[in-house]
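Below is a structure I'd like to ask you about.
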Amino acid sequence: MRRTVAALLRKELLIELRSWQSVPGMSLFALTTFVVFHFALNRSRVDGDLAAGILWVTLLFAAILGVNRLFVADAEEGGFDGFLLAPVDRGAMLLAKALALLLYLVALELVAVPAFALLLLGPTLGGTLPSLAGVLALGDLGVAVIGTLVAALAVRTRARDLLGPLLALPLMVPIVIAGSRASSPLLALRGGEPAARWLATLGLYDLLFGLIAYALFDFLLED
Amino acid sequence: MPALQLEGLARRYGEREALSGVSLSLSAGQSLVVFGPNGAGKSTLLRVLATLLRPHEGSVRVLGKSLPEEACAVRGRIGLLAHEPLLYRDLTARENLRFHARLHGVALERVEKLLELLRLEHRCGEPLRTLSRGMVQRVAVARAVLHEPELLLLDEPRANLDPAASELVDPLIGVGARRTRVITSHDPARGLAEADMVLGLRGGKPALLRAAGEVSAAEIAGLYR
Amino acid sequence: MHSSSPSSPAVGSGLRALSIAAAAVMAVALRLVFFYAPLDADQGFLQKIFYLHVPLAIVALCGFVAAALMAIMHLRTRDARWDMRSYVAIHMSLIFAVATLITGSIWARGSWGHWWVWSEPTLVSFLIVFLLYATYQPLRFAIEDPDRQARYASVFAITAGAFVPMNFIAVRLSTAYLHPRVLGSTSNLPPRMALTFIVSLLAMALLYATLCGCELTAKRTRAQLRALRRLADARAGAGEDGDPQSRRSRSAAPSMPAAGTLAAPAPRGGL
């Protein structure tokens, strides 16, 4: 199983490095969105709730871009069949794709969070950065799991570019709720700590949908 | 024990019967050639045998294992050469084949050996989308036989191959390969030459099923009318 | 070809009994709401919408969860009838959810002055749930292979069913520390209100079951009609290569399996 996941992940990353389908697009989208927010809100500096909201919304929408591209190569180039013919556990594809998406999200945040701090954020991140990274990591897990499940659902339909976001956004609302509430004190003028209940909510979400995705994924692949 | 044993196999697509009432038995090492017009169900049959599609009715036994319950057990022993090459266009031939080698637990040296056999070494470091269709087909053949399967399922294997390339792939997927094969073909003469058994499909139903010696090319051509 | 058996009398009479029961309980509930339950001290007559809004919400939620359970059965047994039930349950729950939103909005307007309030967690959760389940039909419509359509729909139904409670938790947490509940809760009801509420809930549940039963029967009948028509066509010697799939327009609704499998589910590989 581990070997299969490793082989799949290696293939994913190789294709991404070769074709640059996801990460550059997501990062650029995030940067542009920050600029749009500046003009749309007519604010030069934001903090607290507003900052958390802008950050999470931007990250979420950029993530949707990555989700849309996740299975496209497989669907169009017969990658599903190639994998389905191999004598391996099919859950490995879910794990590998979710891990890949997670890595893309981390790469996205490595660009977006500093950009956010530079362009829009009032208070300096400094000491709260590790906590923020932790909150983002929990949120990323949820996005990766649900994103992979939704991507697999949407990719073999006729309206895949539309259905992906339509399905993913409502499902990710709890992540936005918990993520932004948890980040808000970290981005406030007078720094604080995220309330434990939001971290618990994120954790519960990740666990619940991780299990569900793993149980259901096979049904999406087979015919 | 026969390599293939089908009994009343049926596969639906909604309300349409893509395959119905297909029954046959094929011994190990024999070649079954499937003829029929487009949409007759040839590719569907191959995909069912490849464990990619579940049979809706009837029983299917491949290499002694019953599908779909024991599909996992038999998957690694089947090789499929489909209409699409089932390869990633952004990766090189070598990377594609290594990926499949890892999936099947095959040593990476075999990849190099196949690349050599198929005269692909000089182009194996370029992304697949820069290769001609004939070369891509050769890589697809390599992918299909990488794990030395006992059963070969070949969907119009000679498509896109010039005579020289055809010769290269022969020892791997041709009669000389000495494997059980199921081949779809549109060429009555050539198909008959390779076949031990012939199956003619029309509208998903078997229109004729006989040993190769008892069928004439004219009868096969009749399927297409 | 097996001819599809006409729906057995048991199905017909069961549905009839259910609809009579539903009508009876609804009549009782209406009487209780207007003549028995006391007027609320704060909100007056408007509060009576509570007996409509909350049962609608509870039944819709149970419907979504039931649909998820039916979807699990569908994936386990591969019987298309479970998919049909799941589809009808979601369809009906979606209508009830819209009704929940509308009645909640009216209530909010009456007691808070706005057509929408973010501080009422039930209302907000329902909006999100509605937005999610509204994609169910487009998802089905976008998949042509009926087999795969049913399977993907079931995966969606299960995921969405698990999402509903998770969503409620998250939304409730986000509003809990901001505002007190606006539209009132169901705890600490005086006995007369509690009785009225229970009966209203029962009435709503029976209404839901009746409507689902009607839709299921309608679909089954339509499928039998289609099967008979196909039989007639075949007898009349219509072209064997005609593709019934192309004659029928693409549909988001599941169809019953082809005649011949209606009698008994085809032997399928176990999971």
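Chains: A, B and C, in written order; residue numbering restarts at 1 for each.
We adopt the following convention: a residue touches a chain if its C-beta (ideal position, glycine included) is under 8 Å from a C-beta of that chain, and two chains touch if they have at least 3 such contacts.
Bear in mind the structure is a predicted one, so any value in this text is a computation, not a measurement.
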item: Furthest chain, CA centroid comparison against chain C; value: B
item: Selected pair, greater C-beta contact count between B-C and A-B; value: A-B
item: Whole-Å gap between the CA centroids of chain A and chain C; value: 32
item: Mean-CA-position distance for chain B and chain A (Å); value: 39
item: Distance between chain centroids, defined by C-alpha means - chain B, chain C (Å); value: 46
item: Contacts with 2+ other chains: residues of chain C; value: 147
item: Interface hub residues of chain B, defined as touching at least two other chains; value: 54
item: Multi-partner residues of chain A (at least 2 other chains); value: 223
item: Complex contacts: residues of chain A adjacent to chain B; value: 3-4, 6-8, 10-11, 14-15, 18-19, 73, 77-79, 81-88, 222-223
item: In the complex with chain A, residue positions of chain C that touch it; value: 75, 128-129, 131-132, 135, 138-139, 142-144, 147-148, 151-152, 154-156, 158-160, 162-163, 166-167, 169-171, 173-174
item: Residues on chain C engaged by chain B in the complex (per definition of touch); value: 145-147, 230, 240-241, 243-245, 255, 258, 266-270
item: Partner chain C, residues of chain A touching it in the complex; value: 149, 153, 156-160, 163, 166-167, 169-171, 173-174, 177-178, 181, 197-198, 201, 204-205, 208-209, 212-213, 216, 219-220, 223
item: Interface residues, chain B side, partner chain A - complex; value: 50-54, 72, 75-76, 78, 80, 82, 84-91, 95, 99-100, 102-105, 127, 143
